[in-house]
Amino acid sequence: MVATTATLLVSCPEQKGLVAKIANFIYTNNGNIIHADHHTDHQAGLFLSRIEWELDGFRLARDEIADAFNAVATPLQAQWQLHFSDTIPRVAIWVGQQEHCLYDLLWRIQSKQLNANVVCIVSNHKKLEPIAQQFGIEYYYFPVTSDNKREQELKQLELIKSKKVDLVILAKYMQILGADFVRQLPQKIINIHHSFLPAFVGAKPYHQAYRRGVKIIGATAHYVTEELDAGPIIEQDVVRISHRDTVKDLIRKGKDLERIVLARAVRLHLEHRILVYDNKTVVFA
Amino acid sequence: MVATTATLLVSCPEQKGLVAKIANFIYTNNGNIIHADHHTDHQAGLFLSRIEWELDGFRLARDEIADAFNAVATPLQAQWQLHFSDTIPRVAIWVGQQEHCLYDLLWRIQSKQLNANVVCIVSNHKKLEPIAQQFGIEYYYFPVTSDNKREQELKQLELIKSKKVDLVILAKYMQILGADFVRQLPQKIINIHHSFLPAFVGAKPYHQAYRRGVKIIGATAHYVTEELDAGPIIEQDVVRISHRDTVKDLIRKGKDLERIVLARAVRLHLEHRILVYDNKTVVFA
Amino acid sequence: MVATTATLLVSCPEQKGLVAKIANFIYTNNGNIIHADHHTDHQAGLFLSRIEWELDGFRLARDEIADAFNAVATPLQAQWQLHFSDTIPRVAIWVGQQEHCLYDLLWRIQSKQLNANVVCIVSNHKKLEPIAQQFGIEYYYFPVTSDNKREQELKQLELIKSKKVDLVILAKYMQILGADFVRQLPQKIINIHHSFLPAFVGAKPYHQAYRRGVKIIGATAHYVTEELDAGPIIEQDVVRISHRDTVKDLIRKGKDLERIVLARAVRLHLEHRILVYDNKTVVFA
Amino acid sequence: MVATTATLLVSCPEQKGLVAKIANFIYTNNGNIIHADHHTDHQAGLFLSRIEWELDGFRLARDEIADAFNAVATPLQAQWQLHFSDTIPRVAIWVGQQEHCLYDLLWRIQSKQLNANVVCIVSNHKKLEPIAQQFGIEYYYFPVTSDNKREQELKQLELIKSKKVDLVILAKYMQILGADFVRQLPQKIINIHHSFLPAFVGAKPYHQAYRRGVKIIGATAHYVTEELDAGPIIEQDVVRISHRDTVKDLIRKGKDLERIVLARAVRLHLEHRILVYDNKTVVFA
């Protein structure tokens, strides 16, 4: 039996006593801390912290915690989030025609390696609908053209709202999202880009990598921002290639990277281990 | 200008309020924490913590800190160490006939990448004495045979005592140290073993690796304990090999691993980032 | 359209003219070589080679090639295999209760990343039968106890024979196969072991790794021989861990390694890129 | 005792019989091949090969080989190079103010890990002259300003000519070489760039990497061409970083990468294992 926990993610201007004040809040309310990690970016003058404690025995009721912590946070000018481990995040997966990342995520969620409910799968193609059926998940087909893109994205935003989606995962969606769409979902869209960013931004990165003759290829999971492939990087990994590898080999090797890097990033997000500042991530692993 | 800091390394039985109590000790004395990291091994029921703060502005004088922290630590049944960043550790390097790790360490120390004073180099061979001269370091030649080993190690212990050595680095010493020697220096001897431990314990690990036909070789830096190559592992790294690689190639590739893995482990030790329990290390990197 | 190719895998005692003689055989018959790689183990006095050429335009008919090459090979005392790329290998997958490797292999085969027909899935548990059904593959349930093991393995050998199985993949089968079984299938059984062999042979390698306090874990795909976890290694890979990782985390991280390392080894085997000698593999990647 | 060998590097348009023709040239002259590797880029229609054989027992005298092979190569429209293993390449090292790569190369050459004679060290700073003296190597000081750059580079070309330099190694030279200089030395200048190219071209790549928030940094060794940091990549490697790493940490971690990646590339070049086409390298490792 895993105990239910609460997690606070806090960021505030650097000052003395921050670890003490946050830890005291937990301790004076009889909380048992099971994870505490802090980071200070001295250049940016910013303190960032993640603290997780068991709810069992904690003197504050769930609905009292936010108000109580606010009293601590306000004088520190802190921004903070509070999460409970038994609130299962609601996830939507955007896909194109490639199934490897979708399959991988669904397997991980089904086997409880990732803690999430997949509330829908969205695509501009019909191709992967059978996988959705196989896992019993609703599949929404939104064919996108340059003409109807805005309109379709508005419908997608509707869907996100109605389904109460916490996180959109772009599992090889292969479409650039409109700025309006992205702005509605800050740090709520994770994309997997099939290159070692910032190398090979944009289309066909494996072809770009092949042409440039690199000896290592990579994949990058990042939060989506308005600028293409330029959002905060959550996770990256690489694999060695050689002159014997064709573009097709790069794609094959890359698929394994994409699956793993995306899954790692999604796990870190779902476990509330990421804080973003200055277009970068702090990952409390 | 880097500010002088104090570092506490603490381990104690798991209980509520530990982060708060340690952080409060710093905060109530007006300390500015620049690094705080904690780990709880729930299975072992053990809490381990590293906390580093600037001495400038701290209300306790250096020589008051230990007593004051003792008052916090005693009720927690904590074991702890206190270090100051301007106390430069005194290091002795044990070598055999291979120079790559020695050169590497001396270069890193000379270029201030590692914060240490090398007080002597010890060897059972005369071969590397010119390197010692080149860097202006005393070189002690202790030829070791099965007959005089004990006696020579007693002399080496004398030397360690007289030179006030804080850390012995076995930079490819290639001799097994006696149990008596090792017992005198708990967590004060770091060895580099040229395999991915626990694979290929003992002599000629590259030959063992070649015979076994592994596809990856490694190197392991660890604290030395009485059992050969079985002490707490500090750092490991690996490199890919292929059937084209002969034993000679393994040795060449391995030397690069050895240098880097040893240097990383030494840096972690010198910066007081390692705690040992249960024959394992916690590395607050 | 990919052209049909023939592949020769050759090993023979080292001597002059080997590359020339093999290449001449292809050239004089008007073959277009698309892959040629050679390796000489000078210590073992052994030459090993892989050569692949397009059948289109080749002057020998398929069924003439073996006899014709035999005339070249016999004076060289060569052992050799001949394979055609349009002969799709028949594969059987042995599983236990864990599905990650099975899913992964089936996905890769379905998406044509691996060139194989899965002719059956065999297990000592019923648990994964639904996955077999989902992919339309026959599932054979052979419950194994210490009493009936020999008998069950005889039945499994029967099945292998009747299904004309070319390769048995142990995709986390978690049972030790009997020596009689193994002897029947030399270099025809690939196993994935969840450690960086030869470290942590046998049961519960992740628990062993956790206890030893290693900083990196691995997975190893190897041909099965009579000695447990001691067969020729085909592929290995590793991932970094830290003191924060529990055994459960090691298992999670390890599963990603297992899937990828097993799939790579299976691909190398299916593409006839592996030669074995002296309990080692030469991998013509 | 290592036997003296000859090595042919050949590239020519793809056609049937290439492996046979090259291997026959060696075999009919009684050569014992110790390394043969080939690559065909079907897209580019190009065949590339490296073949190395023992001179002992070879029927052609050294000075006859080139003419004899020319008779084979001309009908194939092949470009080729012939090298003898006992001709020790003459190397010049260009440095700035950082010593780590210089030290590393000198150590490797001194310990015979790299087969080269260092004929001079060139710098626009006086700082590293003591290292040159320590190793008994001539040091040339060419202070470079925007005004005298052209003139100084002409003097450097003179020096290269008079010293019969085969390879110029830019071991953190930190100056952009003029197009005229570069054009004189095609595939004869190896640079180490402290990023994972093509990411972070140009100045201060570690600062760029820090700002972008990448999770992995790299280093790239490449041949220098007129376009900055865009020449054929020989070798790359990477190391993982985290949010805890400052720019200073990136520089420290990067130095280890730079040393190793540069040394690997230099070794591949000195052993005549690299062929360049289409701004890419084929590495016969």
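Worth pointing out:
Going by the order they are written in, the chains are A, B, C and D; count residues from 1 in each one.
Criterion: a contact is a pair of C-beta atoms (placed from the backbone, for glycine too) under 8 Å apart; a residue touches a chain by one contact, two chains touch by 3 or more.
Source: prediction; values computed, not measured.
Common partners of chain A and chain D, by the touch rule above, are B, C. Centroid analysis (C-alpha atoms only) places A farthest from chain D.
These two copies of the sequence, chain B and chain D, are related by a rotation of 180 degrees on CA atoms, to the nearest 5. Taking the mean of the C-alpha atoms as each chain's centre, chain C and chain D sit 37 Å apart. Averaging C-alpha coordinates per chain places the centre of chain B 41 Å away from that of chain C.
The residues of chain C that reach two or more other chains are 242, 244, 285, listed in rising order.
Listed in rising order, the residues of chain B touching chain D in the complex are 99-100, 103, 107, 111, 113, 134, 242, 244, 252, 255-256, 260, 263, 285. Those residues of chain A whose C-beta lies close enough to touch chain B in the complex are 16-21, 23-24, 26-28, 30-38, 40, 42, 240.
Contacts from chain D toward chain A in the complex involve residues 39, 41, 43, 196-200, 212-216, 218, 232-238, 242-244, 246, 278-283, 285.
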